[in-house]
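Two complexes are shown next, each including chain A; its partner changes from chain B in the first to chain C in the second.
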Partner chain A sequence: MRGIERLARLGVDVAARRWPRDVADQLRYEWRAELVALRDDPGLCRSARAYRMIMFAGSLAVSPAVEAEGAEPVDRPPALLAPAVAAGVLLVAAAAFNVVHAVGYRSGAVAGFLLAAALLGMGALGYHVRGPAVTWTVSMGAAMFAFLMAGNAVAVMPFMGWRDVLPGVAVWTVTTVAAVRVARRHRVLGVLAGVAGLEVAAIAGSLHAASVVKAGLVTAPAWFPLALLPGGTASFGPYFADGRAAFGALHGSGPAFHASDILLGNVSAMVGPMLLCSAFGLAVAVRRAPFRVPVPRYDLHVPLGVGATVAVLVVAEWLDRASVDIGSALSRVVDNSNVFGFGFLAGMSGRIAVALVAGVLVGQLAVSRRARAAG
Partner chain B sequence: MGGPRMTSSVLRVVAALLADASAERYGLQLMQATGLPSGTLYPILIRLERAGWVVSRWEQVDPAVEGRPPRRYYRLSSEGEIEARREVALMQRQMARAMRPAGRVREA
Partner chain C sequence: MTAPAGLGHATLYREHTQLARWRTDWLPAALVATVTGYAALARPAGSRLADLGVYLGAVDGLRHGRSLYDFASAAGAPFTYPPFAGLLFWPLGFVPLPALGTIWTAGTLATLWWLVRRVAPPAAAPMVALAVALSAPVSSNLRFGQVSVFLAALVAADLLVLHGSRAQGVLIGLAAAVKLTPLIFIPMLWLAGQRRSAVTAAGTFAAATALGVAVLPADSWRYWTTEIRDVSRLGHITAVGNQSLNGALLRLGLTAPARSVIVFLVGGAVAAVAVWRAARLARGGDRLAALIVTGAASVVLSPVSWTHHQTWLVLAVLLPVRRDIRAVWITTVLVIMVLPVTALGPPLWSNARLLLAVVVAACGSVIDRRSDLLG
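Let's look at the complex of A and B:
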């Protein structure tokens, strides 16, 4: 119990530090007194006391503090909004990039046009929503890690383990947060920093793959731009004339290919969605508009949110039934026609998570629109 | 001094304090009465106190004798009680109007 109490005290101390100076010390003292009362409550069993102490401190630690006295009230986004926005933006970005690459296999010019359109679309989306750009970028990084790991549980991409995803996503998150901070003051510098971050993230996320397929590191600066182009634009590394190869868990055969085809296909799965997420995050930062909590007049957001949740579940079921043979995975990697893995939609928990994200976002969107219409 | 922004959570706190306006309550009691978590309750209490609706005082005990630190008690101020009753009554009227059958609304 002593450890739990210490943890709870740490929680209320951390929470109090975020409050304005005129009330922080009193509140810390008050909350510590309440923790002692919970610890000594004779009406509760030992585990219930520990649970309530942790809940008491945890709720304070994750809740926003009040503004300083005399300051304008600051509206803060609901707690669930950041992860929902992050997951929603990432899924939209991944789906958009998959479409770009599927088209790019057939027509590079159309793919270039579509990629530009997707970038503009994500930028416009970011420019029109109000929110904390840094928090959302960090959340997007976390969502990216989770979805890339979950989406490739069945190996569509040969190099999508933690040794590939973790460095790539970590570097993207850190560099994009820095770019977002810069973009608030200098738009052009922020965008340049974002592009540089993508370049470094692509290299960090592909070092392991490059060492396995024996692609020379001298080509590393070209990985990011080449990953955005149709497969076969540039070739390097060992040549597999008979199309046979085994990389990690992936074994297969198909047309002849270079190691670079595998490497760049793998890079695409990571940096394509990253690129579109960067556009969104930088646009949010450039706008610098504070979040305003919308006030709904009608409860349409609830049925709309539930409707979106059900719709995603139905679409996921349809996609699952229409899914193609996973045995053709290697050839699809080679031609870059299949990038970001949506394998998490195969499992019920993944579907429910995505459906809930859609429900929260559509519900929030309905509230925002209603509030805007109400003036 | 401007009044606090009325949300359903603020109304729950106000209603809990109004249940016995002269009684003093500490945070855990209010959490139980309202069902609100600590992270929601305390910001509301601070805002109500700043608006002058709620006053607080520290329990007068000797921590060494009691073996525990003093707690902070909250109650409605006289001004807060008047404003709180007005807001709760307003909310009840709005609720009654919303619950009224459509035909009766048209008649009105």
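Let's look at the complex of A and C:
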């Protein structure tokens, strides 16, 4: 029981720290007194007492603080806010970039227009959200690594192992954090730094691929811009006339291609979502006047959470039905029409897990907004 | 103990607690219900909503001049309900199958939500909903597209919502006309002193059955003279999914005469005790406990009690159990009804839900009417 009590006290201490200092000590005192009352409740058995104490402390520990009317909000974002934003922004960015490239396969002009629209959209989203840009950028980097590693199980990109993803994502995270810091004071410099970061990240994430397909490093500065364009815009490296290849995880055949087609198709899977995430992070950083999203009048966290879950399940079903086999994967890599991998949605357990995470995170965001409104 | 300046302690605590509830309120249950419903709908076509497929197949045969009881699904499952059920299911054939599956699943979930809101105290309702959504009976209901949840809700609405009204008994009579097991609630109503409701229920059952005879005379003759006694039509009734007393005796390898005697004597005694106790509970105003106890008796006494028939046993977490064993009771019920314990093997685990039903139905010492609920 002593261990349980210590754990419960730790929970209420954590909860009390969220409150303004003048209130926190009082609340800590009262909550500890409540724990003592629960511990000594003669009407409960030992296990029930422990359960009640843990539940009491746990519910307080995971709750946001509530301010009195007119008081300044306690400016501490909920614990899961950063991962929620990161996962959400990344998935939106990846889906948007996949759409851009799927269209770019048919019409380069339309793809360019859509890419510009996606950039503006992500920028506008970031501009209208209030939050810690650096923390969110780091979280997006972590989410990017996880989703790229997990997603490629089915989406079949030839070079998407840790030797490709880790350096690319690590460089993007470090350079984008630096760009975000710069952008707070100098918008233009920050944006330029962000673009430079993407350029370096594209190279870092493609060095392994370039060495395998024997694409010369002299072309490296062009990899990032070319990866955003439809496949076949520029060609370099060895030519595979019979369309057969065995690169990394990919063993398939398709139309005749250059090594550059494989290299650029692969790198686009990484840098496309990175580009849109950079737009979001930089926009969060450059916004000067805080924009207040209207607080919903009603508590909508359950319908919003369920809606997010259903949306993920619907998208997963759609992707599952639109999935390609290994034989046609090479063609889609070559023409850049198949980019960010959503392979983690292929299995029932994976898509249910992602759907549940999405629902919890969206519900959490709605709760945090309502919690602020309660102040 | 003074309240912090400007903040009423009671208000503070209440708000904080309320926020804590938001985090653990309906969102987890809603998300679990959503993904469970999705998992049911995403099953391969051959095994998706198999029982709903049987209803539709039988009704389709009826429309083409065949008997309800000539139908057998691809897996060999026949239509096993009275002809009135066939009449009730008739309109389902006019709805496109994908839409019907979605509507049926959503309707089942909505019915469960209503049921939990109706039977659980507000503070505990979200956790009860989560337990219900995770439970084996609900998952089985959704997987098979079963009608059992609707029937349980009809019975609950009759006892809890229509109590004291002239219409009480109508819904129990209708439910019994679709599936015979709710007939056990009629003697409970009679013994509880609600004789008018018992007569209404019996009259409604008789009227619905007569309607079935009038519209489908040949099928009615066949059902009431032959099919009703042929329990082998109900599937592999020796499987652990059948948690009736008869099912347990079948698994023990007893001969038909021995089983009949034991079911008549032991099952009859358990049911008699349960109905008597439930009547006392209902007379004392605890109609929810009466509902659950009688429902548990139906699980014991019915020749076949598939997993989807056992919704009553999940609701046993709501029984007003003595304070000193409340935590153990709730844990036990949840372990038995949520986890696949019947797969752990004979003799105890494979009959765990039957044992729970017997305890709920006949062990009065477990229930203490003087204690309040979740107090």
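Quick notes
Here, the second predicted complex is superposed on the first by the 253 of 375 C-alpha atoms of A that agree within 3 Å, B and C clash if a C-alpha of one lies under 4 Å from a C-alpha of the other, contacts with A are read in each partner's own complex, and residues count from 1 in each chain.
One rule holds in what follows: a contact is a pair of C-beta atoms (placed from the backbone, for glycine too) under 8 Å apart; a residue touches a chain by one contact, two chains touch by 3 or more.
Remember, predicted model here, so these are calculated numbers, not experimental data.
Put simply, more of the residues of chain A are touched by C, taking chain B and chain C as the two choices.
Applying the stated contact rule after C-alpha superposition, one finds that A:Ala124 touches neither chain B nor chain C. Of the two partner chains placed by superposition, only chain C is touched by A:Tyr51; chain B is not. When the two structures are aligned on the shared chain, A:Leu10 is found in touch with neither chain B nor chain C.
In the superposed model, A:Ala37 lies in contact with chain B only, and not with chain C. Once the two complexes are overlaid on the shared chain, A:Glu317 sits against chain C while remaining clear of chain B.
When the two complexes are overlaid on their common chain A, residue A:Leu217 makes contact with neither chain B nor chain C. With both structures placed on the common chain, the touch criterion links A:Val110 to neither chain B nor chain C.
With both structures placed on the common chain, the touch criterion links A:Ala355 to chain C but leaves chain B unconnected. When both complexes are aligned on chain A by C-alpha atoms, chain A residues 23, 26-27, 29-30, 33, 59-60, 62-66 touch chain B in the first and chain C in the second.
Put simply, chain A touches chain B in their complex at residues 15, 23, 26-27, 29-34, 36-38, 40, 55-57, 59-66, 69, 73.
Of all residues in chain C, only 1-7, 9, 12-13, 15-17, 19-28, 30-32, 34-35, 38-39, 42, 323-328 touch chain A in the complex they form.
Residue ranges of chain A in contact with chain C, taken from their complex: 22-23, 26-27, 29-30, 33, 43-45, 47-48, 51, 59-60, 62-66, 68, 71, 299, 301-302, 305-306, 309-310, 313, 317, 348, 352, 355-356, 359-360, 363-364, 367, 370-371, 374. Across the complex, chain A is touched by residues 5, 26-28, 37-40, 42-43, 46-47, 50, 68-72 of chain B.
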